[in-house]
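Below are two complexes that have subunit A in common, paired first with subunit B and then with subunit C.
What follows is the complex of A and B.
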């Protein structure tokens, strides 16, 4: 029990359970397996983005361009398959190459040039989405070839929807990377004490660059799941997803100041955000109020983080 | 000292920043198992000296020998690889990682080497950390706790245990107790005395003369960018050291204070 309460994601777990109970009472439609499975499927894209975002935020940076990069990778892949008739697996490779390439670009500017990540990715937010529109002529593509219908709507053993399978596999491997590889350890070390990490000989520039590449690759993966779900692609996709992804990470107990947090928390955070949306839909709360609610949740989550950090520093 | 090869011998070490002479013709020697203290006023050249012998900066002139062999340090990592472990004032610890992670930070033991994705050997690092802490006499209740929950003294002890565990030749401690309370200072000093008993050579930079006289065998006095005196603790006293630091006492009036400095210089010319 002490182990549990000590975890950064403990708060998010409690929030998910409490909200689950409240929504079960408030709406008869919440607590059935169809709806719960739907929540997880809807959470999957944001969860994938939040996973990559966790790496960036743990180093003390932030990636505001994940929505735009998802759109770029997705729109390009869709355009290649539908318009140019390129083999879907080549298009998937291209999406990952775009994700990694933009990640390298961001990481280079942040780690080697020294531009704050906030600025690099704020610029990227419009730069990459603009490129997504421009490169595809602004047209929507629809009718994705296999394997996209399977990624979006297939079910493993005729039971578990594929987006959930992708999300679970992703989180299992990412939590291993974060807890048991050099990259994971140095991500925490850089976020805790960047100077100290340099003094003990960690090549912090390359590892900082690495987290943006991880985030870029996660965007590509999220884009593939998203175009599978929508059976279409366009430069408009994944609008504002960066907000949900960052909110999921922060709600999951990862500190915006870096160094503290966990990837499991981000999964719980993504589920929490989706539950809030799902619950408000079931309770027929208007879209406008939903926008306000999500924004408020983000501010409150950061507020809690700031208070927690002050308390830790005082210790 | 005369018939033993020093662990560290430095001749004519010089560092100028443009016209500013931060360190001029410094001669220094550390005998096997010896604990040396470096004292001096602010700006006397202590920090420059430490930066040069830990590879943070490179000298304009002079030589550094370890066990009689001349070495060049291109970087702090280089100095570390050649056996000099440094505990910086800032400690270079990651507060959000636990004790074994900090001890092995930057030199993790791995099960499979895959570059950045190398898989860590948690078990081996934990076991060796327990050993290192035990050898150095550092007591940590919960190894899996992050350093954030620990006191400054405990953190300092972890940093020293890390240095002691990895040091092949010697340890350099930069103001190890500057930020600590009385009790914690005492604990850190016990650890340093333990290193003395084990014969680990050590250089300590300290402003605290009580501490210097408690811990060091030999005291090196820096003044205005030069090493002006080197005295054995047993032949000296705090008033004399203060005099040497401020310039009120001339090194020439202290018997033997310049012997080692000139001996090294003479050796250099031959």
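What follows is the complex of A and C.
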């Protein structure tokens, strides 16, 4: 029990359970397997983005361009398949190449040139979305070829929706990377004490570059799931997803100041945000109040993070 | 106040909300909008809400935040879970919403598209202005105002949607039929007023001899007026043809900026959309395509139209 309460993601777990109980009481439609599976499917795209974002935030950075990069990778893949008739698997490769390429670009500017990640990715937010519109002529593509309908709406063994399968596999491998590889361990070291990490001989530039590439690849994966789910692609998609992704990471107990946090927390955070939206939809709460609620939740989560950090520093 | 207190109060509040919703056993209709909050959509949504109230059904109104397709998909899925009796929806994207709409139809929930069609689904009904016909009216009027070979700016809507495509086609076809050599300068937007303003500003800078501006919606006309004001052009120097018959559009006409407006019966679109959804929920037979009609508003009939359509209540210029 003590092990559990000491985890950074403990708060998120409690929040998910409490909200789940409240929503089950409030709406007769909340607690059934169909709705719970819906929530996980709806959470999948944000969860994938939050997974990559976790790496960036753990190093003390932030990636504001994940929504725009998702749109770029998705719109390009869709354009290649539907308009140009390119083989879907080549388009998938291209999407990952775009994700990795933009990640390299961001990482180079942050780690080697020394521009704050906030600025690089704030510029990227409009740069990559603009490129997504420009490269596809601003047109929507629809009718994605296989395997996209399967990725978006298929079910493994006719039971588990594919977006959930992708999300679970992703989180299993990401938690392995974070706990058992050099990249994972150095990410924590860089985030908690960058100077110290440099002094013990960690080549922090390369590892910092690495986290942006991870985030870029996650955007590409999220884009592929998203265009499968929408059966269409456009430069407009994934608007403001960076907010949901960052919120999921913070709600999951990862510190915005870097160095502390967990990947499982981000998964719980993504589920929590989706549950809030799902609950508000079922309770028929209007769009404007939903926007206000999500914004307030983000501020409260950061507030809690700041208080926790002050307590830690005092100890 | 401790946390237990807060939680128990919240629980009581939530329980009473849920009991209230369970107490009504009548039909439940979900009206899902695309999240646009301009005047035109306020009228459509107002008409829909009014029709829901009049019919005495349980009326749920939800909107796709920021016009984000994935959010609208999630809302449709949540409404299937909510087991509503019918869905009236204004799609964010004609094709993109179709997977979720197909799921609703498969679950036995009739789906009525409001204002914008759904492609790739066999929806129950599509209620909207026939955009091509209405834009034809706009194009014919424009043709009567210019000489062959004159320059015309056309501000498009989102060409990724059927609404945007049809309005452009209707206008261009009707204009070209009478004035085959008219030069159409296209300003592309995604229903964004600022894009329209910026586009018209640069088009006017490059072409000082533009005779007429036509828009796919009245928000575009607002952008065009702002651009003309900035360029020092006086009302009426360049003719302006609006589309929608929205309060803002008719205000512009009363101020002398707009000379014609292909008006949609906005409140009627929402109302008929919801009425059709209710009829479908009652298993009545409904038409697959319902045209709510269009009307060419001119300075001579603007007051009467504003009063009859209910637009007058939103207008600033009386």
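In this section, the second predicted complex is superposed on the first by the 315 of 315 C-alpha atoms of A that agree within 3 Å, B and C clash if a C-alpha of one lies under 4 Å from a C-alpha of the other, contacts with A are read in each partner's own complex, and residues count from 1 in each chain.
Rule of thumb we're sticking to: a residue touches a chain if its C-beta (ideal position, glycine included) is under 8 Å from a C-beta of that chain, and two chains touch if they have at least 3 such contacts.
Note that the coordinates shown come from a computational prediction; the quantities given were computed from them, not determined experimentally.
By the touch criterion stated above, A:195 is placed in contact with subunit B alone, subunit C being left untouched.
In the superposition on chain A, A:278 contacts subunit C only, with no contact to subunit B. After overlaying the two complexes on the shared chain, residue contacts for A:259 are found with subunit B alone; subunit C is out of touch. Of the two partners subunit B and subunit C, more residues of subunit A are touched by C. By the touch criterion stated above, A:229 is placed in contact with subunit C alone, subunit B being left untouched.
By the touch criterion stated above, A:77 is placed in contact with neither subunit B nor subunit C.
Contacts of A:182 after superposition on the shared chain: subunit B is touched, whereas subunit C is not. Across the complex, subunit B meets subunit A through its residues 76-77, 80, 88, 90-97, 101, 105-108, 110, 114-120, 122, 148-149. Interface residues of subunit A, counted against subunit B in their complex, comprise 177, 180-183, 185-186, 188-189, 191-193, 195-197, 199-202, 206-207, 210, 259-260, 312, 315. On subunit A, the positions that touch subunit C within their shared complex are 18, 22-23, 25-29, 32, 34-35, 38, 41-42, 45, 138-140, 142-143, 152-153, 226, 229-232, 234, 236-240, 274, 277-278, 281-284, 286-287, 290-291.
Only residues 7, 10-11, 14-15, 17-18, 21-22, 33, 35, 60-71, 73-75, 77-79, 81-83, 93, 95-96, 98-99, 119-120, 159-160, 188, 190 of subunit C touch subunit A when the two sit together in their complex.
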